[in-house]
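Structures given as structure tokens follow.
Two complexes come next, and they have one chain in common, subunit A, joined by subunit B in the first and subunit C in the second.
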Partner chain A sequence: MTDTTSRFGKPARIFQPSAAQPAPIKSTGAYAWLRQNLFSSALNTIVTIAIVAFLATIIPPMFNWLFLDSNLSGSTQADCTGDGACWVFIKVWLQPLLYGSYPDGQIWRINLCLLLLFVTLAAPFWLPHRMRNKVDIAMLLVLPFVAIVILDGRLLGLEYVSTDYWGGFALNLFLASASIILGMPLGFLWALGRRSQMPMARSICVILIEFFRGTPVLALFFMGSVMLPLFFPEGTTVDKLLRVWIVLTLFMAGYMAEVYRGGFQAIPQGQYEAAASIGLSFWQTTLLVILPQVIKVSMPNILATAVMLFKNTTFLMIIGVFEVLSTAQNALTNSNWLGGFSTEAYLFVGIVYWICCFSMSSVASYIERKLDTSHRS
Partner chain B sequence: MTNATSSSAKGQGSAPAFYNNPHNRAIFYQVVLVLVLGYFIYTIINNTLINMEDRGIKTGFDFLTTTAGFDILMSLVEYDASHTYFDTFIVGLLNTILVSIIGIFFATIIGFIMGVAYFSHNWLIRKLSVVYVEIFRNIPLLLQIFFWYFAVLSALPNARNSLSLGEALFLNIRGFYMPKPLEEAGAWVVYAAIVVAIIGTWLFLRFAHKKQDLEGTQLPTFWISLAILFGLPILATLVMGVPFTLEYPELKGFNFRGGITVIPELMALVISLSIYTGAFIAEAVRAGIQSVPKGQTEAARSIGLKEGKIMKLIIVPQAMRVIVPLLNSEYQSLVKNSTLATAIGYPDLFTVFVGTSLNQTGQAIEIVFMTIAVYFAVNMCISFVMNLFNRRVALVERK
Partner chain C sequence: MLKKLTTAAAVLTMGFAATAQAGTLDDVKKRGTLTCGVSTGLAGFSQKDEKGNWSGIDVDVCRAVAAAVLGDAGKVQYKPLTAKERFTALQSGEVDMLSRNTTWTLTRDASLGLNFAGVNYYDGQGFMVSKSLGVKSALELDGAAVCIQAGTTTELNLADYFRANGMKYTAITFDTSDQTRQGFESGRCDVLTSDQSQLYALRIGLQKPETAIVLPEVISKEPLGPVVRQGDDAWFNVVRWSLAAMIEAEYLGITSKNAAKLVTSGSPEQQRLLGNGGDSGDKLGVSADWAKNIVTQVGNYGESFEANVGSGSPLQIARGLNAQWNKGGIMYSNPIR
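Entry: the complex of A and B
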């Protein structure tokens, strides 16, 4: 210290670096991600460990049951010897589950109808821009009737297949599509009527919409099967599937009308004024200006309603329509397959349904994200 | 009409022709609509009357006072085969209300937990919530009911090998058994204490609110109200020397006797309804929380609110505005979906009344409309309560 004393008698200040601080905690990379998302606090760590332990006890036995111990080969119940799932059951019952009891040689007709449905749905992507609306809407509206002609077969000179033999997952798909296709325009009419200035038209539409939205769908089906036959003139018998189709269409229309109502509310008044100022008539304004915007705004809800209707077609088994769930129940009570394969059956139907509904829901949330222009979160 | 006459009176000469006047057209369209609809309804009624006469179906509500003559699996009020069809209606109605209330209770709990879990800091919990919502929302409810009823609950052991918890709770293929509290003398004091506790909590919360408004001091409202709400009934129970005895279910022969029995049909229905509706409620809660702009959280942080206070005072009140209307429609759809009970034989209104009673009497129109009216009424009640609640959380704009 003495040699560093300055001439004023005070110690000179010498630069002494303080100890280096540790490097900041990494905020990128796998380790940092783990720390932030799984182990950020003591509670989080405990929760993470608990969940992982839970999954570790659940997943391996499930995996074994589903794949490792499962039985795939064979064609009778006796072939299911392992402890795992009996996929033989699904293999044997696959055709009834998908196509119902439609005759073996005629299944191409169902496949043709499915193909037509997908072609029509995909049409906007390959049709020239000018023709899209006119052609595709016409195709959609004609499709249910074309499909009925093909499946029925009498008009085309094919083997006649009565509706008693239609069934399986294809029937769910057809009934849902046919009622969505007809229910959407009908619902739009009802929604227009609800907005109308005419008091009679408005009250009739309100009653229709509220009735079909407020009644449990099962009660509607019962009305379709118990009460609707009483409404028709004496001696006429209306096919059960046709009655179901009518009920489903009206049900869809009620829900769609409510969806469109939300869409209408999102259209600014300026759109009507602008359309009026260039001299468009009511129907021109509605169909060319308002409808496209309403559909765009309410697309997520339209898809959600379609998913709901598609799921609700399973309720038809209660009134004795041979849709997929009813076929599954039939298979489970078949005297050759009494080994208790309910888990396999429900799992299969559930997965098939889930794939269809999840893809529709995903499209809905994709559109929702794309349309969302707010700057939130 | 008034427009047409006034404009022609001004002598502009541009009055539209009579048939082009929108007012006249509207009347014309409506007259046509009413005529068509009237003719349609007339035909239907006419056809129905002819058809019913042909098939020998009686009309009117006389059947309600005749003896039903069938037993019902589960009943909340006294019922046996000698009661009338009106009694079956009441039994079914009560069973529907029971399953709806329990279902709504659990669906709300599951839905809120899963909806909030979407915003957890823990990645696993976030993903768990997404997986839950996406799986159960996209599988038909009927399939889920069947899965729980035929695949899970029928795989339970028989009565002798029941799963049990502390010799009080038993779970087997015949149902779920739990002890039943039987009241003794003095039980009314406990009930009174519960009522007093609820009123006291309400009064205390009002007092605390007023105190904060006047003086700015905050009381620990949560803990104090919790203490009142639970402390008072517990105290009353202890003071009265526990005026309750528990009746335990006991294995006698092949089945359990005593206690409260929850039949497997009810269990399957409640489990599947609450899990299915819970997924939709979780989605509503998520949408509600996401609808609150991030700026709100940031503004709250900048004035120094703690995270818990931000959630309670800033996020939740604003999110509830979005959540409550959605909850309303989810609750209504749960009640409507409870009609699926008929698929597994739970004796709800639909199974008992539209199922068995309709089959026996054949009076489809009366029965179906009575049933539909009930569902409308129940849903209106839900709507009424939720709208009251909505009015409390709705945005109050400056006047």
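Entry: the complex of A and C
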């Protein structure tokens, strides 16, 4: 230490900053956040108070209904004694709601198919890089037929389960996946045809696309279930689910074709020219250069269409297929459960659907981020 | 597009007009199962329980036919059908018969290429009112607010009935029967109108079922029965007489409990119905004990009624018109001999 004594023999006064004051309470922490976001003006204050009051009146009764007063134990309507939700209803009907009337001992077959579906969807993550495209696409395209063989059982020597017993949420999932899987490549072909220079191919594709896109899916279902049987020679019947599957696939293809068309338009002409300049054929250009970019560009729309189709499978209710919603309605009209459990039933269906659609969009946005290789800022 | 629609319409009409293939009875015997079109869910009539088993008064008709033809009431393949699909499914041969609360009307009988094989439930439109209203008859309902499901013939019948009796009413329409019930419960209307069988189901759904009563008036005729394709008389006979056997068994006092015993110890009539003597089975093309199979496996009409919609079920529907003709109803079987 140096001696800082001044000429006058007094110690020099060195500037000592005083300790920092805490920030004014009004500008930090929860208080400031509340002030800035919720009470910044008279209008905001009023809106905040109104919303809080609204939530305060809604949430406690809802919470009570959902949890505190709800009934979970027991197995009949009489066990629902409290004022709250009757989850007994869902508990008793859970298996039909999820699996339809598939025989008890055979439910593993449905689970196996679900497992196969997930394994196939996750294949890009576990397959070696080289094989991904070829193997996974082949797996996907084969999957619906493998699932049908497993669920039907006759070819494998398992117990035969006719489609009358298929149902529940599994049926929604399977029908939606099967039609999405087959509808996507079909739609791509239609979209290619629409861009084609060949007048015949183009007009056929335009007609197909416009017909299936321009007709409500309900009308298509009715045609499939009410009109189509009359076209067949008498005595031959085509399974109702097969008819529905075809209708859904064509419907999906119609929509996907338009999604791809949007994607095609986003591909710069230079890509085609570059591909041509290195001598790629039409199919090589399309499959190796254009298709990957089209899919990347249209990812959000592809997802939106897939979710829409998935939700559309509940329309099957109106043609008497026991998917999850019509199973719920059937349960509601059962004479042992006439106590009015529609809220519980529809809430359950809604939650199950929401979980699935939300997972679908999470996966899709992950893929989108992964695919995002563009040079956009 | 227009052309396509025209073609479709033409095919549709052709399909309905065409008479169906004969030989359903042989087909069913060869196949070993009966395919029966039922409702997708109607309390007490055809409903699937949580185990996937079908039950109901309509389902019992399917089971009775299976018992008569195949000797086993369990050999039925149920095809749930919506109201719009039912006739196509029958026409196209997807189902062998319909037992799906279908009202027997002239138009259907004469123009759709099908035949009604009898009546297994006499329904009719009725009224449900809150007990506190103190109304005893539908004729006291002048000026009432009526809850009703939109777009059904019930709406038409209601208008006709009130106009015919010089009364006024306000219609409050809902989309589904569930919403209709909630409308009634919340007091938006004094009266709820629907088919009687529905009214009882709706009534149990109320928070306090005992506060509501179903009025005795029935303002429309809705005879419901099984339906088969036109032009297959052998099959038509089997379905018609299977239902008749259930009704006749009740009339003769044969139940699922005592049938086996009455084959030898019953009155001549009872014995004949149960296949001991007589050749009713031969004439129908089924086994001699066809009626006995029906009664032992499905029960007589009264047992089926009470178990599915009557005192043995939550619905608690009174027999009313559906009682035997000698007990104040109009259920009547032609003689089986």
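Note that the second predicted complex is superposed on the first by the 326 of 377 C-alpha atoms of A that agree within 3 Å, B and C clash if a C-alpha of one lies under 4 Å from a C-alpha of the other, contacts with A are read in each partner's own complex, and residues count from 1 in each chain.
Basically, contacts are C-beta pairs under 8 Å (C-beta built on N, C-alpha and C of every residue); 3 or more make two chains touch, one makes a residue touch a chain.
These numbers come from a predicted model, not from an experiment.
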Combined model on subunit A: subunit C and subunit B, fit or clash: clash
Partner chain(s) touched by A:T333 [first = subunit B, second = subunit C, both, neither]: second
Partner chain(s) touched by A:G320 [first = subunit B, second = subunit C, both, neither]: second
Touched subunit A residues, subunit B compared with subunit C: B
First (subunit B), second (subunit C), both or neither touched by A:S101: second
Touching partner for A:N133 - first (subunit B), second (subunit C), both, neither: neither
Contacts of A:T285 with subunit B and subunit C, given as first, second, both or neither: neither
Touched partner set for A:Q293, first subunit B, second subunit C, both or neither: neither
Contacts of A:T48 with subunit B and subunit C, given as first, second, both or neither: first
First, second, both or neither for A:F232, with subunit B first and subunit C second: both
Subunit B versus subunit C as contact partner of A:S70, first or second or both or neither: neither
Contacts on subunit A seen with subunit B and repeated with subunit C across the two complexes: 222-223, 226-227, 229-232, 234, 318, 329, 332, 342
Touching residues on subunit C, where the partner in the complex is subunit A: 1, 8, 11-12, 14-15, 18, 20-21, 40-44, 47-52, 77-82, 84-85, 88-89, 91-94, 178, 181-182, 201, 204-207, 308-309, 313-315
Touching residues (chain side subunit A, partner subunit C) in the complex: 92-93, 95-96, 100-101, 162, 164-165, 211, 222-223, 225-227, 229-232, 234-237, 240, 318-320, 322, 326, 329-336, 338-340, 342
Subunit B to subunit A touching residues, read off their complex: 26, 29-30, 33-34, 37, 43-44, 47-48, 50-52, 54, 121-125, 128, 134-135, 137-143, 146-147, 150-151, 154, 290-291, 293-294, 336-337, 339-340, 342-343, 350, 354, 358, 364-365, 368, 371-372, 375-376, 379
Subunit A to subunit B touching residues, read off their complex: 36-38, 40-41, 44, 47-48, 51-52, 197-201, 204, 214-219, 222-223, 226-227, 229-234, 307, 311-312, 314-315, 317-318, 325, 329, 332, 342-343, 346, 349-350, 353-354, 357-358, 361, 374-377
